[in-house]
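Shared chain: chain A. Partners: chain B in the first complex, chain C in the second.
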Partner chain A sequence: MTLHANRRTVLKAGVAGLGLAGVAPVLAACSGDSIPGGGGEPAAEYEQGSAALEVELGPEIEGVNYPEDYAGPRHRELEPFGDGQTEFSVIGRSIPGLSYLENYYANLVEEKTGVKIAYQDVPLGEDGQTTVNAMLSGGDLPDAIMCGMELFSPSQVAIYGEMGMFIPVDELIDRLAPHVRDMFETFPEMRSLFTAPDGRMYAVPSMNDCYHCKSSGVRTWINSDLVPADAHPQTLAEFESLMTELKDHPDRTGSGAVVTTTSTTVPNLFNFFLGSFLPVSTTHLLLDDGKVVWGPSQEGYREGLSWIQKQFRAGLFSTDMFALTDEQLKRLGDANGGPSFLVTHGGSQGSFTSVNDPSQERSPASIMVPLAPMEGPDGVRTCDWDWYQIGSPNFVITSSCEDPETMIRWADHQFELGMTVAMGAGEQGVGWDFADEGAMGINGAQAVYTRIPNDLDNQLWWEWGPYYKSEDQRHGEAVPQDTLTIEGTLYEAGKAYEPYRIPKESKLPLLVFTTDEAAQVGEFETNLGQHLEQFFAAIGTGRADVDDDAAWQEFQDGFTSIGVDTFLEIQQTAYDRQFG
Partner chain B sequence: MTTESGNFVDQLRFDDDDKPARRKPRQAEQRTRSLGARLRGSWQLYLLVLPAILWLIVFAYWPMYGIQIAFRNYTPVGGLTGSEWVGLDHFTRFIESHNFWPLLRNTLVLAIYELIAGFPIPIILALALNAVRQKYFSRVVQLITYSPNFISVVVVVGMIVMLMDPQAGIVNHALQLIGIEPPAFLTDPGWFRHVYVWSGVWQTAGFSAIIYLAALSSVPPELHEAAKVDGASHLRRMWHIDIPAILPIAMVLLILNVGTIMSVGFEKVLLLQNPINLATSQVIDTYVYQVGLNSPIPQYSYATAIGLFRSVIGLVLLLAVNHLSKRITKAGLF
Partner chain C sequence: MATTLLTPSTDAPPHGSPRRIKEPRGDRVLNVILIVLLALFSLTIVYPFVYIVSASLSDPLAVSRGEMWLWPVGGSAAAYEALLDYPEIPRGFLNSVLYSGTAMLLGTAVTTMGGYALSRSDLVGRNVFTLLFVFTMMFSGGMIPLYLVVGQLGMLNTPWAVIVPTAVSVWQLIVTRTFFQTTIPHELLETSRLDGASDLRFFGQIALPLSKPIIAVNLLLYGVATWNSYFPALIYLTDNSLYPLQLIMRNILLENSFDPSKIPGMDPARIVEMQRLSDQLKYSLIIIASIPPLVAYPFVQKHFVKGMMIGSLKG
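Entry: the complex of A and B
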């Protein structure tokens, strides 16, 4: 029974345990040292970018219309280099509708590289993590793993790399991967963000520089049925009086919440308004002149919360938001006659409506329009901007790969423009094609390629392979000019926030931690975040008063007792090591 | 259920004096035979028990091997047996952590509340169903009360959230109709435990009652007839006949429930959790989940240590209650 009680943790261990049992004969045959990565020898010193390039970029293919100052992958000739015989094992993800054997993109990669790959697939999400862990601990390593965006955090890659399980790829890239190297030269941050504490790089990072994602953490929408574009509030004072006036407006759908959001996004909504008092960040961590600081303890935070508390007391902010589920918010958004709220948070329109097509008339996705950050009482007008959300550690080569040079070139070929587009859009001429001159991309500049609406059955890998999508590449997708699209409206939303973004020097990048640091930060993050959210809920429901000095002190002391000082110290150490 | 040595209830009441005397010689004779011979002699029985033993080994005992990572710094490279041994480090870290006492309190309060509320209701339901003369009616009630047991927890939570929705919830509207201002069922930390426990009672009471109904069916009707002749009322008969009949089973079930006391329904708590009720809804299981996975690298060892800590407390409670039960009611698991 106690066993049953412990089933979850035991299961996890059990899966790993069974994995080990499965390869027991292999282990018995080798000495302990020969378990892949078991040697644990530290990687040799290497200065990134120092090796000379041995493989040249292929010549550019003419006829592609790039916008002016285009920075990103280009369409080039690709020379197959593999022998077509040796089979490499690569882990991908199992996705409904994707069968690697007949997959169009998988065959295209084989044709362009001449490398034969036996794909193994692991499930998406947490299950995939467990499966891969069992493989890693069992020593049953493939040649390479395509991690996608969530299988390994940068810290995990670094730790496994330093243990010797993944090999360093920096020197290989510098010598053999002209496309990746080209990306590093255009975007030097792609190197520094994914460098391990020991100075080496253990994964080929893929770039996915999503412009509109940079402000999605604070993106807030306002109902254009009641607030026309020219009447958007510019200051918090204007916002307050406008909301008070519209609260009981006869044209309103229903009489429910004026400002609401879901329980999990309350901090996002608060951050949007707090940005009118001081610079804030989704992680609550900021840089002040190279020093990592805890946002909620900064000057201005209390005034901001006090303003928010006032809105709850006035009934403009709805206390329901602390328990609202995603479905409930969508129901409010899909109400007959238009969304029943006036203001809500949402990374995209899909957060608050199920009719997520802005081209449809009277779709909540077109009624709700982005609300730009407003000016606070002291003239502050900022918003969070995720400067460093530009890529992920995407492709690792394991220590049991006998020919890492071929693997790195295999990944490199996919950084070419045509390959990167084909990964997400299938065959050229069927799923996409290069755009004609004059076609407009998402950002209004010349489009590079255009998607063709076709049934792309088993043609794609979506974003589950190595790719190179710079901001210009992403914006190079042609959009129809006469109708609203999701990508187009989100681009406009990004534009509305950009003027107020926090400076890059204030944003703390996603850091790479050592094993000991990583063991601690997770717990701190959870506890600090929950303490903060509980206080938000307390002031929202009137159980605490921001303006009461004792309550404020208790709130701040809570952070101290959780260990915010140690937490900041760890962040500082990691930051100085990586960017200092 | 009446056998030559009397029925179930009689056995409870009277100690057969001559039985042990009759048994002894047979046991002595058994002991003289070798194990192999005894196995061969009744191989059919062992064959029957084999699947259960295999199940236990594969799903209960073999995974226990993995618990050792609670005492190590588990890394996929080192694996289960090769990772660095750190002894009780993870346990000390948890016990010294800021959250330890609130977590323990929330877990215990929720579990004990659930135990206390969930224990008598199935018994009362079984007694009532047993007393109903119209079998058709009692069957229908039984079916209705035990069917929620087959609804998945995710669906149950979905239903709770819908029924208690502050704007559209039926419960809230009904309360408003009769002039009661509905409380914030889902957001008030004080209400979290009631919602959790009573929805659980609704879901499981009918199914748990089946076991008691089975025990009640073994009560010989003669006892009831005799009591009726003596002029005993319904309640009297329940008290003096039915309850003594199901008491041993009730005790066993109670002890079993205590064993799982620390493992409050993880999924349901997690699904009902929101930032506002965290003060009462954060229990050890949900904390393990959040801390183990919400980390730059998953903290398998730490999570396992917390889980193991919880299991050990569960085991201690189980042994204590079993001991008490044997003392007080002479019935126990072992």
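Entry: the complex of A and C
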């Protein structure tokens, strides 16, 4: 047993180190013969977009109702190109109920491309990263990896790519992937966001331009049982007096916290309120005229924290939030008679209730409604907006692949409209169909396709592979009344925040770092974040006082001694390289 | 052990006998304290289990609201029926049974033979071997070298990857060795030799029959360790039809812990879908996964205490 325990701890430590920072040393330790083609030759220079297209887009299929100015995938003829014999090994993810052999979408892809795939499944989440890192380090490479849903960050893709484990896909795309190229032409950022420091692209990026996700980091909800829609506070002063008045209201469920959230989302809740003092961002990094700046050191931050501190002292913000778990918050949300809090943070209603069904009138999911950003004392009214969250690196081809051209075309076919929809909704006619003229999409415009409420066991897979969901494509979904989906309510939540979003020039995109930079950035991010959160807890619990100059100075000096200046320099270098 | 501590009077003459020695006051006080402490201690073990059993039979909403604290509320077996909707769950269960069964037999066979060999003082290089084994307890090559070895042995994506690399636990090997050293006297070996028994015969016909407790202990420990492990499966298997139950369970339960604010491009609607599944299945899955060890324990428990106690003496 001791042996087991020992070995497991060692393994765990090894795995933890395999994050961004640990990739290089681990791989370096077993370089040489064990990694096929892992010699680390630098990829040749290539100017993106320069190669001529060799494969034509198929003709468009008539009869699909696109809204005006639709930008996104279109329904086209797809010609199979594979020989149906050669088997390619591709890593996909496993979720309960999915079996690749019988999966409808997997078979549809095979039918439309003529390419035979042997899927290897690895679990979602961090477990999957462990498995894939072991494979990569062990030199046991499949032909391709569907690496969406957090398997690799753009920086990790670039690092593996520059080591020679993943091959550059930019030229292949330009030559052989008309659908992906079409996406690049419509959305040039899909190229720039996923280009490695050496100027090459090592992963086919999938587009997932999720409108409501852009404000989910600061999304805050208010209890509509006590605050009707026409009485939503417009300024922080109104908010304060309203909360004070409702704190002991007889109609309240329980007498618990007025404003609360879980311990991991405290910074998110704070950011929502800080937005009424200065522009803030979930990463705490912002751009000021092309210069990367550290949010917590900007003017207005102290004033904002001072306001938050005042709410804790008045008992409106609950100190419980620094210890609350997800389950405890749900318990408060699911309380008999309606949620027992008045305001809480949540990316979606699922953060605070397990009865997540907005179609039920008395479900906490319909009682809690989005609270729009409010105006601060100096007239500031902003919220974080993740402008650059439009996609992720989702498909890499490894150096073991003998026929990368087939693999790139295999990915490309899935960028077609019908395929992208089928990936998430199964068979046409069973899980979805093209919408009739006049049907309304999520954003109120003409719908492109409509969902059919049906049992879709093993028909689809999730967003780990190649696909093309532009904002118009996502919003082109008509949702029938009786389906259990929160897309509609989340769209409304996005709408409520959009007028106050920070300008695009202020938002720092997710940057692609070199190996050395990535190792440092990871450590800085952790330390700076911890320092910040400790201060949040200190002012929340009264152990520190924002209004005390010495305490504030100490807080700011903490960032300097952790190395915020070096951190900003690295970010600036990476930003200038990628977008300068 | 607990029984002997708590009821020292069982050895005394039957109740009412005039010669019965009264328990000293101090002992009685101590007994009460011990009973209370042990009762509280048992409660901390029993309560979570009862809670999970009840939660698995309750309406998930009542559990989430905190209304269910001991007995099921709004009882239904829906969670257990839902388990069957996922073919990988029964399949994972069978895989786990297969892996633990094999690992149990293989591990016990190797450990008993190895332990016996190491217990014999006339084994050439005995100390060197022991040292080598003990060395692996303190130092490990780490995940990647292990992965490479398993890969080069051609065991990746086969059930063997889950069974062979962890087949022998050095700790159990040493306990087994000590057991043989202390319970099988050297004189027994000499006597058998005089009667003409070979080493093999002595081991098979004399030593083994005298070692039932340690065999039972090994079987149980290997069985439970393999039943509970998911890490080798996670690393070495990429075919979900080979996944053991623990890995499937982990996938389902961990899907509940996605932090939407940290996953770019992952939309909250997906997370909600995962949470629904997880909320529905988590308790019933835990119950299903605990049944086999629960069934096995009572049969082995009596040997367990005996075997562990003897084996743990210094050789």
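As a working rule, the second predicted complex is superposed on the first by the 540 of 580 C-alpha atoms of A that agree within 3 Å, B and C clash if a C-alpha of one lies under 4 Å from a C-alpha of the other, contacts with A are read in each partner's own complex, and residues count from 1 in each chain.
Throughout what follows, contacts are C-beta pairs under 8 Å (C-beta built on N, C-alpha and C of every residue); 3 or more make two chains touch, one makes a residue touch a chain.
Bear in mind that the values here come from a model prediction, so they are computed numbers and not experimental data.
Trainee: According to the stated criteria, A:Ile486 is in contact with first (chain B), second (chain C), both, or neither; which is it?
Mentor: So A:Ile486 only meets chain C here.
Trainee: Identify the partner contact of A:Ser354: answer first if only chain B is touched, second if only chain C is, both if each is, neither if none is.
Mentor: The answer is second: A:Ser354 touches chain C but not chain B.
Trainee: Just chain B (first), just chain C (second), both, or neither: which does A:Thr186 touch?
Mentor: In the superposition, A:Thr186 touches no partner, neither chain B nor chain C.
Trainee: Look at A:Ser224 in the shared chain and tell me whether it touches chain B only, chain C only, both, or neither; answer first, second, both or neither.
Mentor: neither
Trainee: Of the partners chain B and chain C, which touch A:Thr244 in the superposed model: first, second, both, neither?
Mentor: neither
Trainee: Just chain B (first), just chain C (second), both, or neither: which does A:Thr283 touch?
Mentor: So A:Thr283 meets neither chain B nor chain C here.
Trainee: Is A:Gly138 touching anything from chain B or chain C once the two structures are fitted on A? First, second, both or neither.
Mentor: In the superposed model, A:Gly138 contacts both chain B and chain C.
Trainee: Figure out whether A:Glu523 sits in contact with chain B (first) or chain C (second), or with both, or with neither.
Mentor: After superposing on A, A:Glu523 lies in contact with chain B but is clear of chain C.
Trainee: Which residues would you name on chain A as touching chain B in one complex and chain C in the other?
Mentor: In the superposed arrangement, which is not itself an observed complex, chain A uses residues 1-4, 6, 8, 10-11, 14, 126, 137-138, 331 for both chain B and chain C.
Trainee: For a test of understanding, state which residues of chain A touch chain B in their complex under the given definition.
Mentor: Touch list, chain A to chain B: 1-6, 8-14, 16-18, 20, 32, 35, 37-38, 40, 126, 129, 133, 136-138, 153-156, 159-160, 163-165, 256, 263, 266, 319-320, 322-323, 325, 328, 331, 513, 515, 518-519, 521-523, 525-527, 530, 533-534, 536-537, 540-541, 561-563.
Trainee: For chain B, which residues are in contact with chain A within the complex?
Mentor: By the definition above, chain B touches chain A via 60, 62-67, 69, 73, 75-82, 97-99, 161, 165-168, 184, 186-187, 256, 259-260, 262-263, 266, 274-279, 282, 285, 288-300, 302-304, 306-308, 310-312, 314-315, 318.
Trainee: Chain C touches which residues of chain A in the complex?
Mentor: 1-4, 6-8, 10-11, 14-15, 26, 29-30, 34, 91, 94-99, 120-127, 130-131, 134-135, 137-140, 148-150, 206, 208, 210, 212-213, 216-217, 264-265, 268, 282, 326-327, 330-331, 334-336, 347-351, 354-356, 386, 389, 391-392, 457, 462-463, 485-487, 490, 510
Trainee: Going by the contact rule set out above, which residues of chain C touch chain A in the complex?
Mentor: 60-61, 64-67, 85-89, 136-138, 140, 142-144, 147-148, 151, 156, 166, 169-172, 221, 225, 229, 231, 234-235, 238-241, 243, 247-248, 250-252, 254-255, 257-261, 263-272, 275-277, 279
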